[in-house]
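Both of the next two complexes hold chain A, though its partner changes from chain B to chain C.
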Partner chain A sequence: MTPQATLSLPLLRPRLRRRMGVTARGIAGVLLLLAVWQISVPLVGLGPYFYPAPSDVWLAFVDLVRKGILPVYLADSVMRYLVGLVAGAGLGIAFGVLIGMSRKASLALSPLFKFMFAIVEVAWIPIFVVWFGYGIETIVLALIYVVFFPVLYNTLLGVRTAPQILVNAVRSLGATRFQVLRLVILPAALPGIITGLRLGAGFAFRGLVFAEMVAAKTGIGYLIFEGAQAQQTSRTIVGMIVMGLLWLAIDQFYLRPIERATIQRWGLTVDAAERG
Partner chain B sequence: MLRLPAAATAFVLVALCAYWLAGLVGAHDKLAALEPPPTARADYRITLAFAPERFHQVLLQEKGRLVEVRGNTVFMKDVDPRALRSIARNYWVESIARWSGK
Partner chain C sequence: MMSGTTAPTIERAPAMPLRASHRFDAAALGTLPFLLILGAWALLPYVVDYPAYMLPSIGTVVDYARESIRDGSLPRDIVASLGRLALGFVIGMGLAIPLGVAIALNRYVADLFRPVLSFLQAIAGIAWVPLTIIWFGMGNGSVIFVIANTIFFSALYNTVIGVQSIPLALTRAVRSHGGRGFALLANLILPGALVQILLGIRTSVAYGWRALVASEMIAGSNGLGYMTMEAVQWQRTEKIILGMIVIGVLWVLMDRLVFTTIERKTVARWGLLQR
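Our next item is the complex of A and B:
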């Protein structure tokens, strides 16, 4: 064992132990819920259509995988989600920077965006269906709409709270507008952008389920809807569980580490992100 | 710092590659039984491991003309070789055989 490893082990152990403890408590909570659910089924005495047992849901899951339905629906949902998230975030950041840096753009666009912000995506989906039909275009547009506003307003906040002293300092050194943007504004706005992204990612996830229920013939949202329509409640619950697990994975493996990295990079406290 | 997202992405990519490769090998095995090998549009009898649902019928309909469903078997006309290979890649397709079309 190297001296470095010897030194880092005592530091690592309590942290690892704490993390394992948190995971174990989480798993215990889920197992308890499943046990209560399974026990309650004969007590409630309703059929699987009204109140399926966890075992029914498990069988439905196995059936959906065996028949190749779940992998295709999952892939479709993830693909739509990623396209909507990336496009919505890109537009949100671009317009946030534009409005934050240009008074003319702010005067021209702010009222329009405030007006649009009030119209929820649910209201747009029927119009998108009329214009683009049932399919990926409608869903992606709905997701772009959902992601756009939180990213826009958080980027705007970040741009407007960039330290003026730094902007002036860089300008006095002869920096162009683009250099000011690259060297001061964007780094200062990054925590805001990340916050907007995290919010947008969450909203987009909820938007995805709704959009797929209304405007798709595949996807996890459609599975939830189709299951209920076809009186296959177990399938609906499988869809709900997959949706929840997918969100947990996205949050745990992508959003949280990216947020933590940004917070640490820009010298803000890391406790909130660690605790979150 | 961003090791976790990178590792998660790598894991997903490896899983997707494995899935794709498994599909490719499976398709090769299922089509190997066809004599002569498919080179032009033809009619096929596609057997699944279960009775096809709407999902499977819609998917198959995109690859050719679905004529009939009998039990676990789907009868299809005018399937071109490329579409046949993509059908065979699905793990839920058990076997593929030529069909006289009657």
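Our next item is the complex of A and C:
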């Protein structure tokens, strides 16, 4: 019962009520979609191969979980995604700092990277298949490739915005190159790195699903692809829904908290929700 | 402020007379990695033993490029791919902008649709290909659906952000002068959101371009993606490499000729707005 608590209570209430309204309407939207989908199935009447109902999809989901297929596929996909993301981001940060700090490296590597960036990772998959066959190497390489560039360019942007005055100040106090990197450059580049990671994570997620369609025998992408091949369309839709939920979970529980903890704390982005 | 602007000029001053030779150095350094890669490519067969189909010689790729231009197959694939991208772009943007404005302007509509749309955005693009093959068969229908779907969700997001970033003060100013309905839309909402929509085009098309190549690989019957993936079966690696180079060059051209122009014009507009 501190004075602050009593002061903030009336402010909190309408906000809470508004938030509950948002959730309720959001759930209503999802239910509405499901209802329209379920009702439209007998009206369209094209059979479960062409247009399965939500109930068919639910049964397929239960079946996939009971047989243990879905958990294994999910684990495989997440593992490939993490390996690709971490390796790609690591390389992107390293080269971003290198190009940002060394003029020679920048001159030598920028044109090459610009050209490589233009050859999207999707286009590399056929030749990776020829070189490494169908499997994890092809998928992880494609993911590294797709994460690398956004992280690289945003790291570079961050490094270049590091105030020269601070670099000079730290240097005049006798800092080594590595200390300049650790004390000035990296903290200044962090928001850029996070932005790049977020962009890269989004591209990589789609890249993962595509690579698994073409070059894997497990995983969510494979489930989506194989379901359609085997005329089990409800399995394809289970795969798509799991994919969507997985991305929302990654976004909600990992990417946004990281962004909040770094960029927003320093007031560098304004959340669109705060404006409205 | 003053010290901040003077410090770099002092540092830069001695470098000025060296500019011409510096530019030469930059070009030389920049082409070096390309030369190294081409050199390694040319020398590799003498150093490592590998089956010829794994990596064709530079000459084979050049020969194939010449041949495919002469028989018209490469231009046909390029035109097919770009045409699909353009059609998918028009459909996606055409649907996304009105819906995005509607969502951003009405809080209840926004609340109702946001979870569904952000979920659909998460599965947008290539994941639809197997389903579209069932619905539309292999070929144009599937590929265009996937591109339009991809661009739609990206553009929708940008439109919503664009409308929401219009300062409330401006909306109130227009309202207090009696502007509502269509006048508000035409004079404030659309121009206000335009900058964000235009700046978002690059990302949207970047996603769309990937979706195009990827869906052509799985569901296409021609086009650049089909050309490269089909070549895997026949181990025509020179075809794959040519396809990759063309995909890269086309993206660079689109980036330079289209998006950079759009962004320059947008920034110019922005400058006008601020004055």
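In this text, the second predicted complex is superposed on the first by the 241 of 276 C-alpha atoms of A that agree within 3 Å, B and C clash if a C-alpha of one lies under 4 Å from a C-alpha of the other, contacts with A are read in each partner's own complex, and residues count from 1 in each chain.
Convention: contacts are C-beta pairs under 8 Å (C-beta built on N, C-alpha and C of every residue); 3 or more make two chains touch, one makes a residue touch a chain.
Everything numeric in this text was worked out from a predicted model, so none of it was measured.
In the three-chain model built by superposing on chain A, chain B and chain C fit together without any clash. After overlaying the two complexes on the shared chain, residue contacts for A:I258 are found with chain B alone; chain C is out of touch. In the superposition on chain A, contact of A:I69 is made with chain B only, not with chain C. Contacts of A:L16 after superposition on the shared chain: neither chain B nor chain C is touched. Touch criterion met: A:R206 reaches chain C, while chain B stays clear of it. Measured by the number of chain A residues touched, the leading partner among chain B and chain C is C. Touch criterion met: A:A28 reaches chain C, while chain B stays clear of it. Measuring from the middle, so to speak, at the Cα centre of chain A, the directions to chain B and chain C differ by 130 degrees in steps of 10. After superposing the two complexes on chain A, the shortest C-alpha to C-alpha distance between chain B and chain C comes to 19 Å. Against chain A, the residues of chain B that register as touching in their complex are 1-5, 7-8, 19, 49-50, 53, 55-56, 58-59, 90-92. Looking at the complex, you find that chain C touches chain A at residues 3-4, 7-8, 25-26, 29-34, 37, 53-54, 107-108, 111-116, 118-120, 122-123, 125-131, 133-135, 160-161, 164-165, 168, 207, 209-211, 213-214, 217-218, 224-225, 228-229, 231-232, 235, 237, 240-241, 243-245, 247-249, 251-252, 255.
Within the complex formed with chain C, the chain A residues making contact are 21-22, 25-30, 32-33, 49-50, 104, 107-112, 114-116, 118-127, 129-131, 164-165, 168, 203, 206-207, 209-210, 213-214, 221, 224-225, 227-229, 233, 236-237, 239-241, 243-245, 247-248, 251, 272, 275-276.
Remark: chain A residues 66-69, 71-72, 217-218, 249, 253-254, 257-258, 260-261, 264-265 touch chain B in the complex.
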